[in-house]
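Across the two complexes that follow, chain A remains constant while its partner is chain B and subsequently chain C.
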Partner chain A sequence: MKTFWLLVRAGFRRHSTYRLALLAGTTTNSVFGFIRASILLAALASAGTAIGGYDAPTAIAFVWWGQALLGTVNLWGFAEVKDRVRTGDIAVDFLRPINPQLAYLAGDLGRAGINLLGRGLPAILLGALLFDMAPPPSALSWVSGAVSVVLAVVVAFAGNFVINLLAFWLVEIRGITLLWMITGGLLCGLYLPVPWFPEWLRTIAHWSPFPSMLQNPIDILAGRVVGADIASAVAVQVFWAVALLGLGQLVLRAGRRRLEVQGG
Partner chain B sequence: MSIPTVIETRELVRDFKKTRAVDRMTFSIEPGEAVGYIGANGAGKSTTIKMLTGILKPTSGHVRTCGLDPMRQRVEVARRVGVVFGQRSQLWWDLPLRDSFAILGAIHRMDEPTTRARTDLLVDQLEMGPQLGIPVRSLSLGQRMRAEIAAALLHSPELLILDEPTIGLDVLSKQRLREFLVAERRERGTTLLLTTHDMGDIERLCDRVLVVDRGRLAFDGTLPGLASTVGAQRMLVIDLATPTPDLHDVPGATLVESESGGLRQRLAFDAETTTVAAVLAHVSSRHEVRDLTIEEPDIEDVVRRIYAASGRG
Partner chain C sequence: MSERLRPYRVLLASRARAQMQYRASFVTDILGTVGVGLAEFAEVWVIFHNVDVLGGLDFTAALLVFALSNLAFSLADMFVGHLDQLPRYIRAGQVDAFYVRPLPLLAQLMTSDLSLRRVGRLTVALVALTVALTTADIAWSVGTVVLIVLTVVSGTAIFSALFTAAGGLQFFLVDGAEFTNAFTYGGSYAAQQSQQVFPDPLRIFWTFVIPTAFVAYIPAVAILGLPGDHLAPPWLAWCTPLAALLAWAIAGLCWRLGTRHYQGAGG
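Let's turn to the complex of A and B:
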């Protein structure tokens, strides 16, 4: 546990060295936040009523929590593990008395932490200051929202980790990464809230892990999901976290066996 | 047996698709030994190391590292062995060097005072104090390699495996690294297995040499034994003040080449039967010597001779 915490801290420090990137990310986040907020407000105005449980303040909260969590949750994936598999450096990871998945998860939680502080906080402050934004309705929403954000980071990491590990078998995984990004970007509720999707797409989203990476924590923090529904939203996230981490373990083991058989 | 063997392989075989990378390799290394593992590129050195550390599964045969089965007890082996791959890094690229040691200490479940004490000791011995606060990516190659070795030794392993530790280092960096390794062995009795292309590494660090040729063990013995087996000779290059007739009559040495009308002459001699001093004394008693250089047998050459001696290559 202490090892895990130290690795989280290392991830935090590692990513805090890139301050300029954080600043650039914050700026981009804010610009897109304004654009998205305008579009959603226009849609709500033309409808004249709440859509799918979102009135104007909840929609604003949806937008800015989304912008805040964009950098925190690693939706776009990472290439580190893939690169280490390709160069053979992954062998060094196997020479350590710690499970590589656990080590990388800790690093990613640290990365999420610095991004939440450096990119998330400014986005939320901006949204709250300049817009009529719905605050989390209760202490329960704050607490469960925080838990939900951590789970979202874990689910996104676990999914990306599996994608990265495909490099054990494939020479180039860029195509798969791109597919993952496009599908994920749409289904996680980044562009539009999942409840606004047409029925068939909503069904697909509900059966995928993607809403667990963004829509669920946003819904809890924006106050669209309250009471007993919070429990089921978090339960779905726990399911996907466990399922994808488990899958990652299996794929990692298969990858290691492949390394053992094929050579590094 | 009171002290267990550190490395033991018996009839170890590893096949890749159509080639046999390691062929019925049998050797054992006892605690405290320092063994040089040499051979041409692709001879099977790295494959052997990977099997010793549990990264690669043997096709057949028996392998034990610190008495453990590296395939089935990978984590336990990792706790007792330190490995440096010269071409790979185990440090955190973006973080100050100090942090890598802290994290590795935690990974090896050392408590903080122990980690700090061990880090201080290694940093002191390797003279890395000024670099502790620098991100690893900004270290020079020599500094980074010393840091890698410190990282591999942090958890006080019984066995240190170094794969090409001095590759690309300048003379001074090499020397510092070797001096440290000698001291480390003297103080802690760490068993050392190192692969290298540098004869200097072998001469200064190892008391035993394994030569591998196309996956097979071609030689197992001491370095002088190796030199005498293959008749590897050292070369004395002498620059003379005046053009001199060929130096055919030097005891224990044979003339290989004479250049510039006898101004520069190259004498080969066997380190077993004579010394540089003796050869030089003989020459300078008769002629005026202006300068001299000594050429060591090059490892590739030694290996080539071994291959030739075993009827292949």
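Let's turn to the complex of A and C:
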């Protein structure tokens, strides 16, 4: 457990080196925030009523929490593990006294932490300052929202980790990574809220892990999901976190048996 | 003239051949960019699943705006999108290698790649354009055709200018490379929308500062014969080439500043 925390802190420090990059990320996220907010407000104005449970203040909260969490949750994935599998460096990870999956998870939680502080916080403050944004309705929303954000980071990590491990069997996983990114980007509720989707697409989204990566924490923080519904939103996330982490362990074990490292 | 362009032709042809060597990778990449195009389209479609009109445009009109901006963006992305890689070259000291060759830096960087995989997204845009142009109620004339061609050419020039301006700024930013995404990718995202969704200050920004409104929305108003409004009167569509010129003037300035600032990798 102590090692895990040390690795979390190392991940935090590693990513805090690039401060200009954090500022750049906030800027870009905010520009997209302005555009998305404008679109959603225009759509709501055109409909004349709330759509899918979102009125103007919750829609604004949806947009800005989404932009704020975009850097925190690693939606677009990472290539580090894939590259290490490809070069054989993953063998070194197997020799370490901590399970590779946990080690990378710790690093990713650290990365998420600094991104939340350095990139998410300024974006959400800007959104709250410039727009009429719905705040989290209660202390419960704040607390469960925070838990939900951590779970979102874990789910996104665990999913990407499995994708990365496919490099044990495939020479080039770029196509799969792309497919994951595109479906994920659409179904996680980054562009538009999942409740706005037509019925069939919403069903697909609900059966996928993607809403657990963004839509669920946003809904809790924006106050669209309150009371007992919070419990089910978080439960779904816990399910996906456990399922994908478990799958990762299985794939890791299978990959380990397949791995052949040459040279001495 | 053709003798002077020969090196570029040879370079581009070699890049194109290189990409097609790994057939499976190439096909996956193309399918990937088709997916990106479809995901972008899904966003427009989902909104119109909930409302009939957005920012004064119905679905067909929004589809036209979507198509024009995606067409211009994927063309620009194909030709100069790889200027995005500049921070990597700068950090690795590879820019110096370009400097010792007897061709201009920008021209070399532009021809350093030709991202053929972007034809996927281009195809989505072309299909959307065809559907939009055939289903919309357009009073066809020579003027309309000229305007459409002018729009695609100028739009591509505008996005290319944005990529080039971003490239110039990378010499200063390096680690902060993502800053420029705000107006390259952000600009492309804004260009896909009916500009009427934006409050006036933002509209002025996307029209006169980063002129992405000219890529699709302003010409679409004229093509469809819509009334337009105070910031997008139909006659403004004909100023699209001017916007492209302005964008390129700024891009040239940024590029010049950037390369003047660059001191080399040392060593």
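General remarks:
Rule of thumb we're sticking to: the second predicted complex is superposed on the first by the 259 of 264 C-alpha atoms of A that agree within 3 Å, B and C clash if a C-alpha of one lies under 4 Å from a C-alpha of the other, contacts with A are read in each partner's own complex, and residues count from 1 in each chain.
Note that a residue touches a chain if its C-beta (ideal position, glycine included) is under 8 Å from a C-beta of that chain, and two chains touch if they have at least 3 such contacts.
Fair warning: this is a prediction, and the values are worked out from it, not measured in the lab.
For the composite obtained by superposing both complexes on chain A, the positions of chain B and chain C are free of clash and fit together. Judged by the touch definition given at the top, the superposed model places A:95 against chain B, while chain C stays out of reach. Of the two partner chains placed by superposition, only chain C is touched by A:178; chain B is not. By the touch criterion defined above, A:259 reaches chain B but does not reach chain C. The wider contact with chain A, measured as residues touched, comes from C rather than the other of chain B and chain C. Of the two partner chains, chain C is the only one that A:196 touches; chain B does not reach it. In the superposition on chain A, A:14 contacts chain B only, with no contact to chain C. Judged by the touch definition given at the top, the superposed model places A:138 against neither chain B nor chain C. Of the two partner chains, chain B is the only one that A:3 touches; chain C does not reach it. Remark: least CA distance from chain B to chain C after fitting both complexes onto chain A is 13 Å. By the touch rule above, chain B contacts chain A in their complex via residues 16, 21, 47, 50, 53-57, 71, 74-76, 78-79, 83, 85, 88-90, 92, 94-95, 99, 102-103, 106-109, 135. Residues of chain A touching chain B in their complex: 2-3, 6-7, 10, 13-15, 17, 87-89, 91-92, 94-98, 103, 257, 259-264. By the touch criterion given at the top, residues 22, 24-25, 28-29, 31-32, 35-36, 38-39, 42-43, 46-47, 49-55, 173, 175-179, 181-183, 185-186, 189-190, 193-194, 196-199, 202 of chain C touch chain A in their complex. Residues 18, 20-21, 23-25, 27-28, 30-32, 34-35, 38-39, 41-43, 46-47, 51-52, 172, 174-175, 178-179, 182, 185-186, 191-192, 196-198, 201 of chain A are the ones touching chain C in the complex.
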